[in-house]
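In structure tokens below, several structures.
There are two complexes below, and they share chain A, which is joined by chain B in the first and by chain C in the second.
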Partner chain A sequence: MTALDRIAHAGRWRRLPLAEKALLALGLLALALILPPWPGAVLVLAAAALAALAGARVPPGAWLGAFAAPAAFIATGALALVVTWGEDGLALVAEPLVAVRPALRALAATAALLLLALTTPAPVLVKALRLPPELADLALALYRFLFGLLDTLRAMQAAQQARLGGAGSIRSAGLLAAALLPRALERARRLEIGLAARLHTGTLDTLAAEPAPSPRRLAAIAILLAAVAGGAAWLQ
Partner chain B sequence: MAAVILEARGLAYAYPGGVAALSGLDLAVKRGQRLAILGPTGAGKTTLLLHLNGTLKPSAGSVLLDGDACAYSRSAVRAWRRRVGLVLQEPDDQLFAATVFEDVSFGPLNLGLAPAEARARVERTLADLHIAALAERPPHLLSFGQKKRVALAGAVAMEPDVLLLDEPTAGLDHHGARHLLAVLDRLAAAGTTLVFTTHDVDLAYGWADEVALFDGGRVGSQGKPETVLADARSLARAHLRMPLVLALGLAARAAGVLGADDSLPHSHDDALALFERGVSKLNRVV
Partner chain C sequence: MHIMEGFLPVAHAVGWTAVAAPFVVLGGRTLVRTLREHPEQRLALGAAGAFVFVLSALKLPSVTGSCSHPTGTGLGAMAFGPPAMAVLGTMVLLFQALLLAHGGLTTLGANVFSMAVAGPWVAWAVWRSSRRLGAASAVAVFLGAALGDLATYVVTAGQLALAFPDAQGGIAAAFAKFAGIFAVTQVPLAVAEGLLTVVVVNALTARGVITEVRA
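Here is the complex of A and B:
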């Protein structure tokens, strides 16, 4: 999670308007669901990967790392559909493409959503959802709080290991959790004092610097989506 | 003599469990001054700042701003905090927003400023504190020193009359501390009254206009740094030592290198110059 967050904050597309990134990612997602898996989903997967790697300059290792877990999950699901256990033991089903098609669709849809996740910090997405202020504030506070808590957790783990503890024992994990809770509460209390000092009234209103979408870039995205759809139709 | 802007009279406070933190504490902060509250770690300095900011209510005594005691109603505390800002020791206790710009805008918006005015104030503050380049960065990816400056910016953007700072240089390296002090110098020059807690006697001696020695839940002595910090017995009671530069100055005065009316050294450069003076005098004698 911290790796995704770092990439989203440091990426080349960080400052691009959300509308542009959302149009590209959700447009590719829609194409992944609408177009035939071959060649549509494959083209969508290639376009999403290319946009992330070449456009947003997401490091290839980071992209693969983020893609690997859902891809493995999808592959495992597909494998279960492709093989069957019968009287002759393990065998391939008569129509293995039945499993491959949804797997391709799922991989393409994952790559499309990953493009959004790797180029847009989570708070920007939360704000765009236009949740009720209380929920949005809670989500943002949790997001911010989580990183502090992770730092604390790492420090406590390091302290345990420095004294030859930790290393996966249930007792160490229990001690860690027990120590983390009061620290989290204490930290939340201090955050409350810090916010109160700046006249906190119950809502976390701030000024965001959201740039306006560029008509030229929006047109380029629309052309790319049309090219993917056209390419899929031509190849088919 | 400058008028007193913020004052504590007979403050008493005990932590839950009955441990006394403040017991009859008196303190006077003059308008425009830089006051250091000196005391050992765990002495209750942060608790005092939380009283001066209206966060904690004393069990006895009162806190006064321009002679008016804090009433502790919701609106009174709000009005109080508009004029008395607070920067906590740990910057993560203050930073919550997704980017530095958003975080610094929080206070100005709560003051009721229009978005355009708040935006202008945030931009001005970030430029003044030399952190405009961090505006779009998320606070959790900043270094500790950067976080400290952003936390300070969040309070400075509200343009308080008095700024309370809890251990402002704690955790900073020499460069970071110098940078932060330069920012505070500019704030002081602009007329902001600064009150900061520290256990760093050298910082208090070299930088503050006045120091208050915190000892046993009360201010043992308050006055010019060269007076208060020259009292070895008071310092020992507060578990502190004499600043090195001051000790050198007093030794030079005792040895006749420094005249009785000459001013004592306040910085490392002053101390070095004095040392060289002493060495050349010794050479002449030899």
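Here is the complex of A and C:
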């Protein structure tokens, strides 16, 4: 499992109705995009981080760990915005602050995405998309195969390194990928045979019903979102 | 080349979602038809999608010293065809956003267009036409995978240039800038992905998993 997935499955907000978590996280995500980055994005970032840390009680270390990787990518992306292709190669732009706005917006949006990802397991979200049953099955099968394959890949990498395999060479990586794909397909085939042997014809859906959202909490979330938007307008 | 969550302005996020949506919807219809006729394929396709996701955990050496990962775009397009790849790619990108916080929901449309639409179509077209022109199987696979990988980064550079045009030179100058910056890591990476795909296809052929990639 990935760190995000583990927290989402075991977290305090796991059993809360999806509509409440989605309204909060996607509402903050929309605000991050719509509000002016200063002070809007800063308020959204604070609200999303607070909801995850204080509300859902995500361990601070885990939240920072999950936030660090995308933040590093955003920083690299922002660096690309402060340089320009001048007459003598790359040069700094006249106004380096132009990069701060998209970076702030992206950081706030990432915090909102994390709020959803850390409180709601991905299959719950896939189910809420109401895809055609064939595609929903496909997405759920993909999700279920992920973790087994990741473990297999790690074991194969360890085995390759233990045999002094050229870790990092294209040939080694290619052999790993080539060994993994037949294993993945074979696992799928065995599972299919197993299902067929049990005369399975239905869907792979195994999720329990989601609890109904509470109108009071939905209203409270809407008020919170309005407060963030109002606070941003006021501070500006 | 994932564009991170929130990096694109609203208009661009919505615009790219609208551009990518028809490809994903049409691919979805094709896939639903296939799965209705062959329901036993859904697990194999799910495993293949998971494989593409897991490929991104495979570190690949890059000539510049940086380390990056293959996209699996070319391999997927050659194996399943671009329409199916649009759907599988979208699912993979969605799970990457939700499970790794890599990419995002507002930038999903832009990322789907570069990695699950443009990349697979270019890879597939290059691979098909090279085979038709009489190129050896390995050469066609290499060209398809490498140029498909390259196409994803050219499209991403274009998306960023449209969103963040240069103050003086406009969109064209911004495109040159982003393409130039990415070229340092992405050109060697495209070559690496091309070679990797050839190694994978050769190894799969040697194991008898595939007889020969159909073109």
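The working rule: the second predicted complex is superposed on the first by the 183 of 236 C-alpha atoms of A that agree within 3 Å, B and C clash if a C-alpha of one lies under 4 Å from a C-alpha of the other, contacts with A are read in each partner's own complex, and residues count from 1 in each chain.
Following the convention adopted for this analysis, a contact is a pair of C-beta atoms (placed from the backbone, for glycine too) under 8 Å apart; a residue touches a chain by one contact, two chains touch by 3 or more.
Here the structure is a predicted model, which is why all the values come from computation and not from measurement.
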Notebook entry, point to check: Looking at the overlay, what does A:F73 touch: chain B (first), chain C (second), both, or neither?
Noted result: second
Worksheet item: In the superposed arrangement, does A:L199 touch chain B (first), chain C (second), both or neither?
Response: first
- prompt: Touching A:L4 in the superposition: chain B (first), chain C (second), both, neither?
  reply: second
Request  = Answer with first, second, both or neither: which of chain B and chain C does A:V124 touch in the superposed model?
outcome  = first
Larger residue footprint on chain A, choosing between chain B and chain C, goes to C
By the touch definition at the top of the document, which applies to A:A46: first (chain B), second (chain C), both, or neither? neither
Of the two partner chains, chain B (first) and chain C (second), which one does A:R187 touch, if any: first, second, both, or neither? both
*Which of the two partners, first being chain B and second being chain C, lies in contact with A:R15: first, second, both, or neither?*
first
- Between chain B (first) and chain C (second), which does A:A136 come into contact with in this model arrangement: first, second, both, or neither? neither
Chain A residues where the chain B and chain C footprints coincide 5, 140-141, 143-144, 187, 191, 195-196
In the complex, the residues of chain B that touch chain A are 50, 53, 55, 78, 81-82, 85-86, 88, 90, 92-99, 101-103, 105-107, 109-111, 115, 118-119, 122, 135-141, 151, 154-155, 158
Per the touch rule, the chain A residues reaching chain C in their complex are 2, 4-5, 26, 29, 32-34, 66-67, 69-70, 73-74, 77, 80-81, 83-85, 90, 93-95, 98, 102, 105-110, 112-114, 116-117, 122, 125-126, 131-132, 134-135, 137-146, 149-150, 153, 168-171, 173-182, 184-185, 187-189, 191-192, 195-196
Within the complex, chain B is touched by chain A residues 5-6, 9-10, 14-15, 121, 123-124, 140-141, 143-144, 147-148, 187, 190-191, 193-201, 204-209
Per the touch rule, the chain C residues reaching chain A in their complex are 2-7, 9-10, 13, 28, 31-32, 35-36, 39-40, 42-51, 53-55, 57-61, 67, 70, 87-88, 91-92, 94-95, 97-102, 104-106, 160, 164, 166-169, 173, 176-178, 180-181, 192, 195-200, 202-204, 207, 209
